[in-house]
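Okay, so chain A shows up in both of these, paired with chain B first and chain C after.
Here is the complex of A and B:
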């Protein structure tokens, strides 16, 4: 028989959308000086969700000034224990409003509710709880007897994990006594604006957190503003390079978390069913919109023939559709521009002779969708093996010896993540020692925890976020 | 797949060991995570109604107590044939499962209902008896009319690496079963690791099991979702290698409709829809049936009747 799962949509009623959202500066919402707005869409059906203010240079000036004032008069003078109390309060309110935030995140981003509910939101709250705990223990972080905050941090975050990236940026900055001006991505500003409401609800002193919405120009104005002490950016390598250039020589501290082309290495003695799961979550988690995605599968040639049919069977079971349906595994691509980029790169693979496979999969008629795709017969020279696709597209390569696996895995300008699958402990350690990547997962993939540092090598950026290491980026 | 297709020809302990230890390992954390992830599937409305009826038709309604009486077995049989006397659209259950000395009673009570009798045998639940006793136990149950035999494996032999003994006992019992279907109970709670569950599954399948079953219900943990997941992977892989389908029966600890539906989701997404029928999937349970009936009534009438509206077994 066919066991059809009836639609099980999460209710939207927990979310109250406003027609327009303004900038959050100095503790209150106010319109942008220029009076300009942009529209944010639901990528699953292209309906308009809200109008969001576009911050210009004058707004950046005001926000940076408010953050400076808050830093000097309140936040840097407050004891760590007091700052911790605010962060604990913020974390608790996030938990209380987690359903609303999860639904809103799914609507604005397109990712499935299963992920926002079970991954994004629990991690967001955990980050605030974790760094709240550090706020009064900074002298014991191994960063000197009396580490000092840097001042005002300019933070620019991407659209793939909107609220989680906000947490990664804001929680450590605030715990260490810095104040922030944060710009969420153009296509996913809404949860950051609800976070601004949460700051009000938590009575956070005005100016400690400022949220400026807008597009690339707003981000540029923010990172180039001379009044900040620190720039933290997560996003594309291309923009990261521009930021590094503009920050060079200014004395500002900089952390960059950029792209990746993660290798997922499967040895012939791996626990094959769990390896298949890890390959699937490595590339199809969040539609592959993950900088540390395992987008290159390196499978030992001796088991490729056994593994690939299992992988195809598994991918065929993925459920693509309405992000708010609790049974959806793969949601919508975040924007038309991203969809176009995924199409262009994947098509280039076909032109270069790569074999392309997707399961039978009905794509909704409106919205931005891309079927999960496996590319086989890929070689290191193909674009799909070198460039970050940032979508649900897996390039499959093979290797014969551990040396070849490591050489292929490292042969990329990136170095953010890698996964290794083997039941043999010594081979796991041998491989992990030789991989040049910031995060290496052992018999798992895409696992995150606030206590664990995260960051990259080479063109994947520098600096670490998360864990004790994440404090260092905000202390002088 | 290749590792099951290349099963050894000569059955020696060395050959069995090479085959079983050549199977890919099971990563415990990963297996649990997958089962946990599938437990978040949300089965509502029409899908739930469909799942409840399917689950009812898969129940092996069981009583395996020292205190069982012919009267209790007859009551259970009446319920198996007509689970809800107030609603004749409820399907009958898969089978009634009893001790061997109750088989004749159950067969008499179920005559003409279409519900078969399953009997545990082979010195259930411990399996600690000489082979002749186990075979006599089996033959007697079949002679009394049992259509299905639920045997236990010798866990001591399995854990000490004597796979041949386990294998040969299963083949001997299978022969003693004659036309009756053989379900082989692995007692996964005593095998402890998922690697052992996978090996025991393939060993039982290779020895001729029609069904592999998790537990006796007398040892905890019993039919946990990751254990069922590993067993479903074994029958799926066996089918891919040989084209033959072996059934799976979780038993022990499945008490609520939610538990049962989660089992069906595992079947659907691991072994595939072909296993979603009582010929290939059964649920060994006693109290589960009443919860399925209560949830069914709630779904059809919108009201939630109290437990007193359903017969206690």
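Here is the complex of A and C:
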């Protein structure tokens, strides 16, 4: 007997969209000086969600000045305990409004409600809750007897986990006594603007958090503004290089969380069913829009013939469609531009001779969609083995010995994440020790926690977010 | 061909820096100062050298003037040594760093004489600097098997997972050693880099490079594997751009890079190379490095944090 899935859409009624959203500066919403707006779309159906102000240089000036004033007059003078209480309050309001934020995030980003509801939002609230508790304990963080905030932090975040990346940036910065000017991504600004409302609701002093929406130019103006003490960026390696260059010689502190091409190594003794689940969550979680995705599957040759059919069977059962449907596994690609990048790179694989497979999969007629895809017969020289696709596309390679697995896994300029699947503890530890990556998931994948430091080796960036380590980026 | 600064050629050759007191009727044997690459002491492949003078301007010796190719060779040697050195147990690295202190202690007189000649320090000041340098090796010898416990640990994640973070060496570090602190300053920047399992390519003080070459002889006789520390005497301005741009250099310590630091930092951005900018010690001479407890601040920039997750279950 075959059970069919009935539609199970989450209600949108919990979200009240405004026609236009302005910048959040010094505790108030105000239009951009230049009067310009951009449109943010729902990537699942290309409908317009709202108009969002585009911040220019004058707006950046004003926001940085507000943040400086707030830092000097209020935030850095407040006791850590009181700062912490503000953050606890913010965490609680996020929990209270989490359904609204989850639905809005799915609408603006295209990711399944299952993920925003069960992963993004719980982690966002937990991140604020975690760092709230640090605010009055910084002397015990092993960063010196009297660690001091840096001042004003310029923060630029990507579109793949909009509110979670905001939490990763703002929570540790505020807990350590810094004030922030944050720019959310051009295509996913809405939850950051609701977060601004939450700051008002929490009576956070004006200027402690400032949110400037806009595109690349706004981001550039913010990271190059001479009035900040710290730049924190999550995004592409290409933009990360530019930012590192522009920060050189300014004395500003810098942390970067950039791209990845994570290897997911499956040894011949792995628990195959668990490994298949891990491979799927490693690459298809969040449509593969994950810098730490396990986008290169390295399978031991002796089990490849057994594992790949089982992987295909499992991928064929993934449900692609309406992000607000509670049964959806794979939502929409975030933007037309990203869809084009995924297509171009995946096509390059076909041109270079790799074998491409996707399950039978009806794509909705409007919106941005890409079917889950496996690429086999991939060699290390292929572009799809070297470049970050940032989409639901898995490149499959094989290996014979553990040494070869490690060599192939490390054969990349990136070093953000890696996975190891084996039932043998000593082999797991041996492999984890040799992988040059900041996060190693063994017999699991794509797990996150506020207490767990996250960040890359090599060209995946520097600095850590999360845990005690995450404080270091904001203390001098 | 020797490159010589204006006015020095042929002037008052003087005696070598750490040359022992002359014995009547005996011609002293002088030392040729060379590079230290991959555990060997080659001359610069370029065949160049440059004169090194004392604080008073007297000629002390000729030092090798390292070239771009020497810098590349040094990076190759450091990369080759990295796997083995980083895989040594922390205890073993500590033993070797302590051995460096022991051997340096046995050569106190040589290094003190060098500091008097090259830097014009008083005997007392020179002795203080050498003592502090020996003690610095002891200090970092002790750190090798503590730093992971201080910086790493268990993370109490909200779920049935074992989760643990530990520091790991970042790789090959190009160190621009302080210009005005050729022994204690040099030791203070090199020891933390290798204590943590990194390997180093060091551009020594340009004007006072002889102590670095003497130190290389100590390193070479302390069971430190070849290639863990590679020393280039010469000009930061000539070698630096290549080291900063080198894709196989993982981090730069720009402490001694002076005005060149910003340019090197810009170049390093292309490969996301980690950068330590010149700090408060810069320009303060050997005395700026006397603090006996510099803490972890010179180790953490050259460490990556690796976090490992594993499910807990039966």
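Convention: the second predicted complex is superposed on the first by the 476 of 476 C-alpha atoms of A that agree within 3 Å, B and C clash if a C-alpha of one lies under 4 Å from a C-alpha of the other, contacts with A are read in each partner's own complex, and residues count from 1 in each chain.
Rule of thumb we're sticking to: contacts are C-beta pairs under 8 Å (C-beta built on N, C-alpha and C of every residue); 3 or more make two chains touch, one makes a residue touch a chain.
Quick caveat: nothing in here was measured; it's all calculated off a predicted structure.
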Legend entry - Superposition on chain A - do chain B and chain C clash or fit: fit
Legend entry - Contact breadth on chain A, by residue count: chain C or chain B: C
Inset, instruction - May I ask you to decide whether A:464 touches chain B, chain C, both, or neither, giving the answer as first, second, both or neither? - result: second
Inset, instruction - Pick one for A:443: touches chain B only (first), chain C only (second), both, or neither. - result: both
Inset, instruction - Check the residue A:79 against both partner chains and state whether it touches chain B (first), chain C (second), both, or neither. - result: neither
Inset, instruction - Please indicate which partner A:270 is in contact with in the superposed arrangement: first for chain B, second for chain C, both, or neither. - result: first
Inset, instruction - Tell me which partner A:327 touches in the superposition: chain B (first), chain C (second), both or neither. - result: first
Inset, instruction - Using the superposed model, determine the angle chain B, chain A, chain C defined by their C-alpha centres, to the nearest 10 degrees. - result: 120
Inset, instruction - For A:126, select first, second, both or neither according to whether it touches chain B, chain C, the two together, or no partner. - result: second
Inset, instruction - Please work out how little space separates the C-alpha atoms of chain B and chain C at their nearest point after superposition, in whole Å. - result: 5
Inset, instruction - Would you tell me the residues on chain A in contact with chain B in one complex that are also in contact with chain C in the other? - result: 443-444
Legend entry - Parts of chain C lying in touch with chain A, wherever the complex brings them together: 150-151, 155-159, 161, 163, 165, 170, 247, 250, 261-262, 265-266, 268-272, 274-275, 277, 295, 300, 304-311
Inset, instruction - Show which residues of chain B lie in contact with chain A when the two form their complex. - result: 1-3, 24-27, 29-31, 33-34, 40-48, 50-51, 54, 233, 240, 264-265, 268-269, 273, 276-277
Legend entry - Footprint of chain B on chain A - complex, ascending: 1-8, 114, 118, 269-274, 277-278, 305-306, 309-310, 317, 326-327, 423, 443-444
Inset, instruction - Provide the residue numbers of chain A that touch chain C in the complex, in ascending order. - result: 126, 142, 144, 237, 240-245, 248-249, 251, 256, 258, 413, 428, 432, 437-444, 447, 449, 451-455, 457-462, 464, 467, 469, 472
